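Presented sequentially are two complexes of chain A, the first with chain B as partner and the second with chain C.
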Partner chain A sequence: MGRKAKTLGNVVNFLVAFSLLVYLSYALPRLMPGDFVTAMFASSHVTLSAQQEAEAKAYFQREEGFGLYLLRIVRFDWGWSYALFQPVLSLILQALPWTLVLAGGAHVLASVCGFVMGVEAAWRRGSRVDRALVGAMTMLEGVQEMAVGVALVAIFALHLHWFPTGGAETPYAEVSLEARLVDMAHHLVLPMATLVISYLPGNFLLARNSMVMVLGKEFILTARAKGLPEKRVRYAHAARNALLPVLTRFGLRLAFMVTGVVVVETMFSYPGLGTLLFNAIRSRDLPLVQGVVLFSSAVVLVVNVALEFVYTRVDPRTRHAP
Partner chain B sequence: MSTLRFFLRVLLSFSVLIVLATATWAHGAEIRIADSKGDWGYPNPWKHYPRGPGYVRMSWVFETLVWKDENGIVPALARSWYYDRDRRAFVFEMVAGAKWHDGKPVTPEDVAFTVEYFKKHPYGWVVLDYVERAEPTGPNQVTFFLKRPYAPFMEDVGGTMPILPKHIWEKVPDPKAYGEPAAFVGCGPFVFKDFDVAKGTYLYVAFPEYYLGRPKVERLIYVRALDPLAALLSGQAHLANIEPEMRPLLESRGMTVIADRAGWVKKLMINHRMFPLNDRRFREALAYAISQEEIIEKAHRGRGRAASYGLLSVDHDDYNPNTPRYPHDPSRSRQILESMGFELGKDGFYYKDGEALRLELLVSPITVAGQPAADRDGEVIRDQLESVGIRVDLRNMEQTTTDAKVRNWDFQLAISGHGGIMGDPKILNEMISEEYAAGSVNSARFQDNKELLKLLETQMLEMDPAKRRAMVYRIQEIFAEELPSICLYYPETLAAYDPKKGIRWFYTKGGISKGIPIAQNKLSLIR
Partner chain C sequence: MHRKVTATLKGDKWFITGAAMGGLMALIALVGPYLVPYNPQEMSFQPFARPSWEHPLGVNDGGQDILSELVHGVRNSLSFGAMVGGLALILAVGVGLVASWYDGVVGKLLMSCADIFMAIPSVMILILVAALFQPSATVLALVLAGLSWPTTAKAVRAQALVLRDALHVRAAVQMGGSAWYIMTRHLVPETFPLYLVGFVAKARMAVFTEASLGFLGLFDPERKSLGEMIHYALRYYYMDTWWNWLFPAVLCLSVSIMAAGFMAISLERVLDPRLRSLWG
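Our next item is the complex of A and B:
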């Protein structure tokens, strides 16, 4: 198959997958039991008469059909939130930076640290350091992020008072930009540490196993026989070839960062797309739910496409894969 | 070594910056209130969420004619009022000197305009069906002319209707779509400055020209905090609703804990439109099978009080002490079931015509005062009912799913709860009659007892408090006899605050506005 045909095939696959995701983002939220008016008014202090209820439903729950929805999506008109009276896209963009900082930062940190630690442990396979790291990481792998978060809050926030218990920054603090940035970093430490501690063991164990496999290959023996420095053999020859599975894991995890951090966002009252989606589902805010679902689906798709590209850079052999 | 030194320097600088930053924020002119959800909509009548915390956020900005404190109704924009029986009208004398946040004076014309505007663009919290019109009848006087007498007027309209600035809203054709800064111009003690949707935070600043005097704090901030205990202990918040278990620790750390009267009730919703729940005798058997005390003891470690079966709170001025009661009596429950033709099977459960008596009970973490609270009520009730021979399938669901099923009568039993039972007895109409609350999931929507329906209708028209009380007494009796839903218990409703901030928070008698059981009364920051 020619290169052009392959590229065209990829584009077609991408478009088909995107269309399917758009349809799912439209159809799935509609399968949820309950509706916005029931969620907002049913157990509130406002007791709606039958007529008021019908009027509210007519105002908020105008059904447009998939065709119109699709048309709006491609025109970047993602609708308005029922509950917040704001454009869905603007709400997503307000929450996105926080998710990128927390979830994205934690993924990068956990992946880099996990990979380097995994490479170093595999290189020292069987040593005391390796055994201790494998033992500790295997144990940590079994601890839920909720438990990690609770422990960190109890020790570092409530007992030692080193860090705040929640939030992304001190709300409405009248301080300079530098102090605000420091404050944000201060608030970020515990939620990010929770995520890093949760993600690190998996990355470490995967990188170590991958590295152990690579270290047994003949080209490593050749590199050593050529008298190359140890660091070069370890990273340029071995680690580079052990990187692919770690990269795949990074991509998959990153793709699910929207929904994957709901627990930590909720626990630390940290803003982000997870919290936005959680609240939108609770109030059956259909336009917002479908907006966030579509956005996160698009992230999954884009990350997968990006991974295809990165694979070919990291391991040129994948270019020739059928 | 040099790397280590570099890292130590960075760490030291970071710590110094944090200390400096913290010192800058630690001034006493602001109050921070913790809330687990954070997002309650924008604080104006059409944009706040229709639950209590949404209304409270609006109440800092907008004023009503009267308000309530810990003892009952007190003057607000109206300094005095009376009911003119001959003209069937409420007459309010307004305070002089009240100003809108943009500096313009508050006038009786604004009040009259508000009524007309809410008639055109209904606001769910205020029912104006009984109000014919409102008009200025003096330089500082406004009169509400009623179509019919309306007993809950003072709480329902006087103490709940936010007064709008005419000069702003008269130009607004669709208030739901209006989001300009002017949409948040009120004459309340605080000026709305910001709502951060992503962070769930609100900022209000003091309105220096507030007619009751400058508020005690310059800034009022809501912060989102899942755990009120952690927020209070870490100093991130100065006031929060708390769980009863948190009380001893918070008190030991110098926090003041306050408790509300019984203003919120947990109920067993019953689908009385289907067999066997449509039979009053069967509902009575359920009531005898359920031990309120055991639920409180087992699911809440004794923190709560048994509820009156007549719906109105036992702390309400109009509570009828002779409301029928159903002390826990499993044998009586079995007798009733057997008198209805149910037969006890060898497995210890009842059957009728060979079919097992089996009920489904829906439970979900119910939001109390803005906080979702999970409990074991469902398990305890299931055990109690099964011990008398009624098999129960317990189904845990998310609250909106349960609400939707109850709303559509797609359930048998469900655990629910609501506030308002310390407010005006109009709550009885809303929680009993379908005519008042067809869309409510807390309302029994019970239309089978004609005497009850008649009383509900007439108590709304009775302006004589003594006569109305007699009707309200009888309504409670009938409700407890019919049991279209079974009141279970009043959970302890507590809030904790930091007394060092110099503010004394309190729970409002009858709840804020229409019975909101939240200790965030604006008068705490004024008087």
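Our next item is the complex of A and C:
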């Protein structure tokens, strides 16, 4: 199978996966026995007035075909949050920038650092540095985000008072833009460090394995025999090819990271999508839960599809293919 | 081959450490609940009581004995992990073997299914199901197992495709062995090493996920879980209860996940000949 056909196949897979999710978000609430509104709100923190209850019942019991539902999703008409009385989409869009900075930044940082460290460790395979790194990373791989976050908060926030324990910026502070950015970065350090430390080990081990495999290939021997400088062999010849498997995992690892982001945001009360989802679950705010679940799955799948195209560009073997 | 694997594993530092840690946690999960004197649900103690002879780890905000809570949390985490690991493995072996033996349309279809499942962020479906139906942990374990079989299924299929062309399997086909006979007599036992890796890796992922779901409060509140304990302990961070309440829960969780991680890594190294060159 050619690379192009494979890319197309993968894109189709992602589309099917997304349709499946949309369908589940449509079908699951309708599978529930009994009256949805009573079930959801009877035991929640939210009390509905009689009018709201009637409206909610009208909204959820309106028999909407899947086609109409799909149309609503595509037109970004995602309904209203019952706990916060705002459109779901606007809540999501308010939270999105924070999550993009935190999760996106952490994922890129963890991937880049993991890759460089993996390449360097593989180059020094069997040395003391390599053994120590592999050992440490294997240990760290077993520590959950929760545990990392607890340790970081205990040390750097509660004991040393270097960083705040939560939030994204100091509330009600009227300061210049620069001071505000510094404040935001200050708040970002601990949650981002938690995510980076939790996801670095996986990326490191992946990059190291991939690089060790490449180093055994014959073209590396050729590059050395040509008398190329070591750095050039290491990065232009070896790491360039070790990058490909790492890149394919980038998207899958993002899907894997979603859980961690929700936990870490909740822990640091960071105003992103994770906290939004957490609060929505706590108050049984179903339209919001649905919205966040759909939206974040869509983001993960879009990143995966985009990577498919990046991959074909980066792979030197396919660049010159017809 | 299998005997050699056992011998190699016995000499592998990572495996021994992992197995020891896992054994310890399993012991806590199996025996612990019978040793602790209190029911973890009993709320009749003085909230925030400091550790004492009666309550070795103190009492939590709701007046429950923390040690009993911890032991039951470990038991629930591990049983969730084992259940997901086992179910996912059974699914994976079934799908993998069928996809390799009927390597035409059926195989292609099953493998595209696997690709689709791999692309779905499984935690999102779990959250949706948990928020809507508030099901028991068993149902969530079933859902998670149903979403996490693809990676192992692919590995099993790849191995079985190689086996299918091996001489002894071809001989069995020539002698008129049915598909069922060959799968159960040849393919299942000969892909066995993969099952260990698959089970341990899935169980690890499940313990991880269980803690996150517990942390988010998606389980029945009656069911003790380490993630939920950590969530509540974090709320009272400032009260200097972290070392008797938060720390034990975090430690148990980390040790469980690490144990599975160590075993998975060492099993992979020992069983995958391609990887053997990696670890000089």
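Keep in mind that, in the parts below, the second predicted complex is superposed on the first by the 251 of 322 C-alpha atoms of A that agree within 3 Å, B and C clash if a C-alpha of one lies under 4 Å from a C-alpha of the other, contacts with A are read in each partner's own complex, and residues count from 1 in each chain.
Just so we're on the same page, a contact is a pair of C-beta atoms (placed from the backbone, for glycine too) under 8 Å apart; a residue touches a chain by one contact, two chains touch by 3 or more.
Note that the coordinates shown come from a computational prediction; the quantities given were computed from them, not determined experimentally.
Participant: So in the superposed three-chain picture, is A:H161 touching just chain B, just chain C, both, or none of them (first/second/both/neither)?
Facilitator: first
Participant: Name the contact category of A:L301: first (chain B only), second (chain C only), both, or neither.
Facilitator: Only chain C is touched by A:L301; chain B is not.
Participant: Which holds for A:V153: it touches chain B only (first), chain C only (second), both, or neither?
Facilitator: A:V153 sits against chain B and chain C alike.
Participant: Pick one for A:H186: touches chain B only (first), chain C only (second), both, or neither.
Facilitator: A:H186: touches chain B, not chain C.
Participant: Touching A:R284, do we find chain B (first), chain C (second), both, or neither?
Facilitator: After superposing on A, A:R284 lies in contact with both chain B and chain C.
Participant: Using the superposition on chain A described above, determine whether A:A207 touches chain B (first), chain C (second), both, or neither.
Facilitator: neither
Participant: Kindly classify A:G272 by the partners it touches after superposition: chain B alone (first), chain C alone (second), both, or neither?
Facilitator: first
Participant: If we overlay the two complexes on their shared chain A, which of chain B and chain C does A:L243 touch? Say first, second, both or neither.
Facilitator: A:L243 contacts neither chain B nor chain C.
Participant: Should A:E178 be classified as contacting the first partner (chain B), the second (chain C), both, or neither?
Facilitator: A:E178 sits against chain B, while chain C stays out of touch.
Participant: I'd like to check the shared interface: which positions of chain A are touched by both chain B and chain C across the two complexes?
Facilitator: In chain A, positions 32, 153, 158, 165, 266-267, 282, 284 sit in both the chain B and chain C interfaces.
Participant: Which bits of chain A are touching chain B when the two form their complex?
Facilitator: 32-35, 37-50, 52-53, 59, 83-86, 91, 94-95, 98, 153, 157-158, 161, 164-175, 178-179, 182-183, 185-186, 266-269, 271-272, 275-276, 279, 282-284
Participant: Tell me, which parts of chain B touch chain A in their complex?
Facilitator: On the chain B side, the touching residues are 14, 17-18, 20-21, 24-25, 32, 36-39, 41-42, 47, 49-52, 55, 122, 124-125, 176-177, 179, 194, 196-201, 203, 219, 221, 223-227, 230-231, 233-234, 236, 366-367, 398-401, 403-407, 416, 418-420, 430, 434-443, 513-516.
Participant: Mind listing the chain A positions that touch chain C in their complex?
Facilitator: Residues 9-10, 13-14, 16-17, 20-21, 24-25, 28-29, 32, 125-126, 134, 138-139, 141-144, 146-147, 150-151, 153-154, 158, 165, 208-209, 212-213, 216, 252, 255-256, 258-260, 262-263, 266-267, 277-278, 280-282, 284, 286, 289-290, 293, 296-297, 300-301, 304 of chain A touch chain C in their complex.
Participant: With touch defined as at the start, can you tell me which chain C residues reach chain A in the complex?
Facilitator: Touch list, chain C to chain A: 14, 112, 115-121, 123-125, 127-133, 208-209, 211-212, 215-218, 227, 230, 234, 237-238, 242, 246, 250, 253-254, 257-262, 265, 275, 277-280.
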